[in-house]
Amino acid sequence: MTTLRRVTLDVLKPHEPSMLAFTERVAEVESVDGVTASLIELDQEVQNVKITAEGAGLDYDAIEAAVDGLGGTIHSIDQVAYGEHVVEERRTLQDG
Amino acid sequence: MTTLRRVTLDVLKPHEPSMLAFTERVAEVESVDGVTASLIELDQEVQNVKITAEGAGLDYDAIEAAVDGLGGTIHSIDQVAYGEHVVEERRTLQDG
Amino acid sequence: MTTLRRVTLDVLKPHEPSMLAFTERVAEVESVDGVTASLIELDQEVQNVKITAEGAGLDYDAIEAAVDGLGGTIHSIDQVAYGEHVVEERRTLQDG
Amino acid sequence: MTTLRRVTLDVLKPHEPSMLAFTERVAEVESVDGVTASLIELDQEVQNVKITAEGAGLDYDAIEAAVDGLGGTIHSIDQVAYGEHVVEERRTLQDG
Amino acid sequence: MTTLRRVTLDVLKPHEPSMLAFTERVAEVESVDGVTASLIELDQEVQNVKITAEGAGLDYDAIEAAVDGLGGTIHSIDQVAYGEHVVEERRTLQDG
Amino acid sequence: MTTLRRVTLDVLKPHEPSMLAFTERVAEVESVDGVTASLIELDQEVQNVKITAEGAGLDYDAIEAAVDGLGGTIHSIDQVAYGEHVVEERRTLQDG
Amino acid sequence: MTTLRRVTLDVLKPHEPSMLAFTERVAEVESVDGVTASLIELDQEVQNVKITAEGAGLDYDAIEAAVDGLGGTIHSIDQVAYGEHVVEERRTLQDG
């Protein structure tokens, strides 16, 4: 049985709750060990935020529910890592 | 007898199953220790995803079967590493 | 119960107090272990400063109060990290 | 008596055998501990591949024979390392 | 009680004393463990120098006095670090 | 008595002997622990190669003799390191 | 009493003595543990060389004398480090 160890999401969130409260809520999801959120850009309505969560067995549905519950939407799943450890991706000659 | 220790694939996958379910399925292949998938780009029909799998002796056919079974196609094999350990490629003066 | 471990702020501050006094005051907030402030740019009225604070359980409100108390304003929250450890964000193929 | 510890080759190979089978065959050469192959580019006839092999005393002729035996040709030898250990090249002010 | 652990200054100094004598003098300030100075640019009158000082509890006033005493002026304070350890700033998506 | 610990040379060599034989010969020089050679560029007559040799006390004359003996010429000495250890050069604000 | 631990110089030297002999001579200065010299550029008359010397207490006058004695001139002092250890400079947001 494999487990989800890291997920990076592109999220659109309203200005309220703040990035702090938003990230704190995601960090409180049972399976999450840590979450880092970075501001990509913002306009009058929304903030575009990059969220990276790590844990030994992340419960994605609970993370998604937390984001939804705060009025956010997951715009895209940018990176996921399953397995016994996180495989660090390396640049190959095919990466632009 | 040498073994496959890391493979990086350029994969085209339908929107469903999600990148999560897709990557989880590949990570469940017997010989796979870990898989990281990154979104390269997406359009209305497909997602172009970079998949990096690591293991002590990866079963490539089983990985390919998992990708096929989920409706994906391996667009290209971008990097492979065989042997007792993974040889980390270094930039040479010939790399653009 | 999760905790705030690192926060990076974009702050506008008057020329007085100096960046030294300003940063010292933020570093004196009870929950703060360390603070690094970098000058982004300055004009005749204000200094635009990037402030990164770390601690085992940062009290954001106290940090905000310290900034306000010194005549500064938090222009944006650029990055936050909650959890048992700081999750280091990695570049993905989606980062410009 | 010095030994070859790492060699990086620019190889042109037919589409068949696959990069997997090709790299596996090179990795099976007696003196090779590990091989990483990266796709540089491909067209309808051939794949241009960067191959990096490491070992305590690489048998270059056997590597070359393996490449030839699979229908490949060594377009250029991009980097070689002889000696008691691999000397890691560093950028100098003369590198473009 | 927090302490100043690192400060990076943009300093304008006359050609005399030399960068050596200038940096040596700053390094002799009681609370300074080490100082690195780098030449940014120079013209006929002045040298523009980047000075980075580290210590367990830097006495900024004494550093400033040393710079002044040598005919230099602190053009700007570019970075300061207070606390139990130096917080290493990380690039965020907001850095140009 | 100081010793030469690393030297990086820009060498022009004929196509024969190959980069392998050429580098092997340099690595066989008594004082050389290891040599890495990288192809910079080649034309019909010559190969331009960057050679980095390391050892506890490199005999430069013997290295030069080996290069000459193989029909090569040292176009320039790009970097040398003498002393008890190799001093790693760092970028300064003066490097382009 | 503080000491000079690293100095980086921009030096103009005649073609003779060679970069080897030149660097060897500087490395033989009593207080010098190691010296790395890199070729920046050269023309018919002179070589422009970047010299980095390290030691527990470098005698700058002796280094300068060695350079002068070999027909070289110190074009500029690019970086100096005084103190109990070498303070590694970090990029700040003010570096171009």
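Per-chain residue numbering starts at 1, and chain names A, B, C, D, E, F and G are given in the order in which the chains are listed.
Note that a residue touches a chain if its C-beta (ideal position, glycine included) is under 8 Å from a C-beta of that chain, and two chains touch if they have at least 3 such contacts.
Just so we're clear, the structure is a prediction, and the values are computed from it rather than from any experiment.
When the partners of subunit B are compared with those of subunit E, the chains appearing in both lists are A, C, F. In terms of C-beta pairs in contact, the better-connected of the chain pairs F-G and E-F is F-G.
In terms of their C-alpha centroids, the spacing between subunit C and subunit F amounts to 49 Å. Separating the centre of subunit A from that of subunit D, both taken as means of CA atoms, is a distance of 39 Å. Residues of subunit B found to touch two or more other chains are 38-39, 50, 76, 78-79, 88-89, 92-95. A list of each chain pair in contact follows: A-B, A-C, A-D, A-E, B-C, B-D, B-F, C-E, C-G, D-F, D-G, E-F, E-G, F-G.
For subunit B in complex with subunit C, the residues that touch the partner chain are 38-40, 50. Of all residues in subunit C, only 1-2, 4-7, 60, 76-90, 92-95 touch subunit A in the complex they form. Contact residues on subunit G toward subunit C in their complex (touch as defined above): 92-94.
Looking at the complex, you find that subunit G touches subunit F at residues 8, 10, 18-20, 23-24, 26-28, 32-39, 42, 50, 52-54, 76, 78-79, 88-89, 95.
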